[in-house]
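Next come two complexes, and both contain subunit A; in the first it sits with subunit B, in the second with subunit C.
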Partner chain A sequence: MHIPDSFIPIWQGAIYWIIVLVFITLALKWAKDEMNEEKLPLVAVLAAGIFALQSFNLPVSMGTSGHLVGGALAAIILGSPFAAVFILAMVLIVQGVLFGDGGITVMGANIINMGVIGGFVGFYTFKGLMGMTKSMPLSVFFAAWLACLIPALAASLELYLAGTFPLVEGMIAMGIYYAIIGVIEGIVTVGAIYLITTARPDLVDTGAKTATGA
Partner chain B sequence: MIEELFQIERDAYRNSAIHRLDARVKIAITFAAIIALVAVPYSIMIYTVGAFFFAFFFLLWCCTRLSLVVYVKRLLSIVPLWGMIIFFQIFLKNKYYTDYHVVMSLPLGISIYAESIEFAFILLVKFVICISFIILLSSTTKMHDLLEGAARMGLPPEFALALGMMIRYLFVFGYMYRKINETLKTKCFDAFDRHLPYRYRLRQLGYTIGTMFIRSYEVGERVYTSMLCRGYGRESYLFVAKKPLKTYEWAFLLISLIFIVAVPVAVWLTAISLF
Partner chain C sequence: MDNKTFIIIGIIVALLIGVVAVFMASGDPDGLESTALVVQGQKELTGGTPENAEIHEETEGRFSYSSPMPDYSLGEQMGPLGGIIAIVLGTILAFFVVLGLTYGIRATRPAK
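Then we have the complex of A and B:
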């Protein structure tokens, strides 16, 4: 899902950068308002944790593998989609600048996909489903699944707009692939949030804490 | 990716003329080179521009006194996934060409086009050289120096502080990742072993990831307490002292930037081709 440099023309990359700068500004505002002394190490740890999680290759099928994204996880634990934007931006900066995973001119697109779309889809799906079903595992699972699938579809749309991959083939390939990875992401996210809310309920500031306790 | 962390930092701690350059100079050159390469249209002019840029990169790499094996290993760890997508381009038509000529027809109506092969090669050249500059930057600059350089270049303090802490945790996670991997190997656990039930493999990975998270919280909490003991507060930010660039760094930066801008412009204006 990490689009590398050269797959998107420079002018399109610039547009994605401009869009994402708006979200980064809002994420910085979230960081100034919400990231208190206690939350800062948590944010940094989560960012490093998501980075590490993305290093785990999970078996998908036919010898292929994929990695988790973590946008929903960050948004749900920290209780804001802007937390996901902030954390995924940090993760993608480190991955792009140090490891060449992703790129510089396309970083805007990558942050939009995994941070903005992943974070917002994950957070609001979780909130919506929690309101309707009151089931934490179900809400987290679908939130994480959608937060994995929709960014992948967005990435294939961006590649189509860039003229570097056809739309239908890209949507089908990415859709199927990330729908499968999304199931694993959903299970792992449920497991991670369950473990955290059980071991350290004080750290999760969304409805998840209440739901598990209920 | 996390396995590379330690090797990258080891390479960055070496000593050479490139290693000693201020991080801002290297960041500016890397970003400029990548932007210039991406800005070149999807045309065969990239071959000539790419050759000049690769020669520039190679010259800088030789000055780092790092082995070419380091570069090739890192390149090979990045290229395969997107290399596959570049390879698939040879079967696809795209908006950058109007006429397509079939080079080979395959079963199921699949064809390989001459123009698609050319496009795939253009993408490959751009991709590999962009990655090469990233490898050069990260192999010659310590992570902390990169962060300080970015902070001096205007990275918001909230980001700089959180990134600084994240980078420290990355190494903790790196050690944990190694330990967990060794433990799994000791138990002869292979996530890709088809003889093991899928649910079992997934559960083991779930436990592993969950353990990493819980341990990360514990580490975070200890760091938080230590930070409080050392006078950390809400308004604390990473202190970055002012550090003006030296004359030779300015000179190197300017010459490099002129080269990076002049090469594509000159190739475009003169239409010269090395290939």
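Then we have the complex of A and C:
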């Protein structure tokens, strides 16, 4: 769901940039407070993994393909929505500047959608569901699914404001496509979190212990 | 698993995913591009994407930028090898940008 430069006027892109700079500042503060020698490799490896997974488009029928976005993955595994803002911002900068995947003036909007909205929706959906269901895979899957769908609807709204998409038709098409792509997001996120927690249970702060323990 | 092993295995897994993606990834438009084709009347909502479908891009008053490796490729003549080089570079760069930035931020923290 990388928006290209041609889809949003420069002045609107500038507004998203200003908004996202607030979140990036908070994400840098998160990194400063929370990073330690142990978590550092996880953050960097996640960035590399999310970059690679984002290049892997899987067909989802209807002449459309989709790939993992990774906001829920980063936020859940590092225990903060700002982890998603931090990692997705860096990944999107590399993608936009080097590979033309997502525009430059619209990068603020892309970071808001995938990093900020994806991270916050993913993190708080996971926390809420984990409290209710106590099921890690179920909570992760649904959180990741929503963290794919809601950013897509946000992008659709931004593109309506930009005059690029009509409101209803855009929302319906984006909603249908990303509801299906979200299943990929869910499955890959569950798998990745399972692998990382198995390899390094000490690094992960998912609240799973308190939920299953006493 | 210690930090070093975790990093090495993590990077290898990421690189493998990226390299496999060069050969296996679907060339169909993503959800956003599909939606653009639908609202521009070039594609049915639930139908396949026609071969000649092309997204109309507004250029008037819009920023335009030419990236060094557009579409994760080094151009037609380089083929899949160019794709692999692009993905490997991007994956490693993503790793080092985040690692470097995180180290940089930590360095600004007052010593305890």
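Just so it is clear, the second predicted complex is superposed on the first by the 205 of 214 C-alpha atoms of A that agree within 3 Å, B and C clash if a C-alpha of one lies under 4 Å from a C-alpha of the other, contacts with A are read in each partner's own complex, and residues count from 1 in each chain.
Operating definition for what follows: contacts are C-beta pairs under 8 Å (C-beta built on N, C-alpha and C of every residue); 3 or more make two chains touch, one makes a residue touch a chain.
No experiment lies behind these values; they were computed from the predicted model shown.
Trainee: Clash or fit: what happens to subunit B and subunit C when subunit A is overlaid?
Mentor: In the arrangement built by aligning on subunit A, the partners subunit C and subunit B clash.
Trainee: Of the two partner chains, subunit B (first) and subunit C (second), which one does A:Leu138 touch, if any: first, second, both, or neither?
Mentor: Touch partners of A:Leu138: none, neither subunit B nor subunit C.
Trainee: Is A:Met1 touching the first partner subunit B, the second partner subunit C, both, or neither of them?
Mentor: second
Trainee: Scan A:Leu26 for contacts with subunit B and subunit C and give back first, second, both or neither.
Mentor: neither
Trainee: Check whether A:Ala155 is in contact with subunit B, with subunit C, with both or with neither, and answer first, second, both or neither.
Mentor: second
Trainee: Just subunit B (first), just subunit C (second), both, or neither: which does A:Ile184 touch?
Mentor: A:Ile184: touches subunit B, not subunit C.
Trainee: Just subunit B (first), just subunit C (second), both, or neither: which does A:Phe165 touch?
Mentor: It touches subunit B and subunit C both.
Trainee: Scan A:Ile15 for contacts with subunit B and subunit C and give back first, second, both or neither.
Mentor: Once the two structures are laid over each other on A, A:Ile15 reaches no partner at all.
Trainee: For the superposed three-chain model, which listed region of subunit B (23-31, 59-67, 77-85 or 185-193) is the one that clashes with subunit C?
Mentor: 77-85
Trainee: For subunit A, what residues appear in both contact lists, the one with subunit B and the one with subunit C?
Mentor: In the superposed arrangement, which is not itself an observed complex, subunit A uses residues 4-10, 13, 28, 31-32, 35, 37-38, 40-49, 51-53, 55-59, 63, 65, 86, 90, 93-101, 103-105, 164-166, 169, 199-200 for both subunit B and subunit C.
Trainee: Please name which positions on subunit A make contact with subunit C in the complex.
Mentor: Interface residues on the subunit A side: 1-10, 13, 28, 31-32, 35, 37-38, 40-53, 55-60, 62-67, 86-87, 90-91, 93-101, 103-105, 152, 155-156, 164-166, 169-170, 172-174, 176-178, 181, 199-200.
Trainee: Any idea which subunit C residues touch subunit A in the complex?
Mentor: 1, 3, 6-7, 9-11, 13-15, 17-18, 20-22, 24-32, 34-36, 38-39, 43, 45-49, 57-59, 61-72, 86-87, 89-99, 101-103, 105-106, 108-109
Trainee: So in the complex, which bits of subunit A are touching subunit B?
Mentor: Touching subunit B from subunit A are residues 4-10, 13, 28, 31-32, 35-38, 40-49, 51-59, 63, 65, 68, 86, 89-90, 93-101, 103-105, 163-166, 169, 184, 187-188, 191-192, 195-196, 199-200, 203.
Trainee: For subunit B, which residues count as touching subunit A in their complex?
Mentor: Contacts found on subunit B: 1-4, 8, 30-31, 34-35, 37-39, 42, 74, 78, 82, 85, 89, 92-96, 123, 126-127, 130-131, 134-135, 137-138, 143, 146, 156, 158-159, 161-163, 165-170, 172-174, 176-177, 191-192, 198, 201-202, 205-210, 212-214, 216-217, 219-221, 223-224, 227-228, 232-234.
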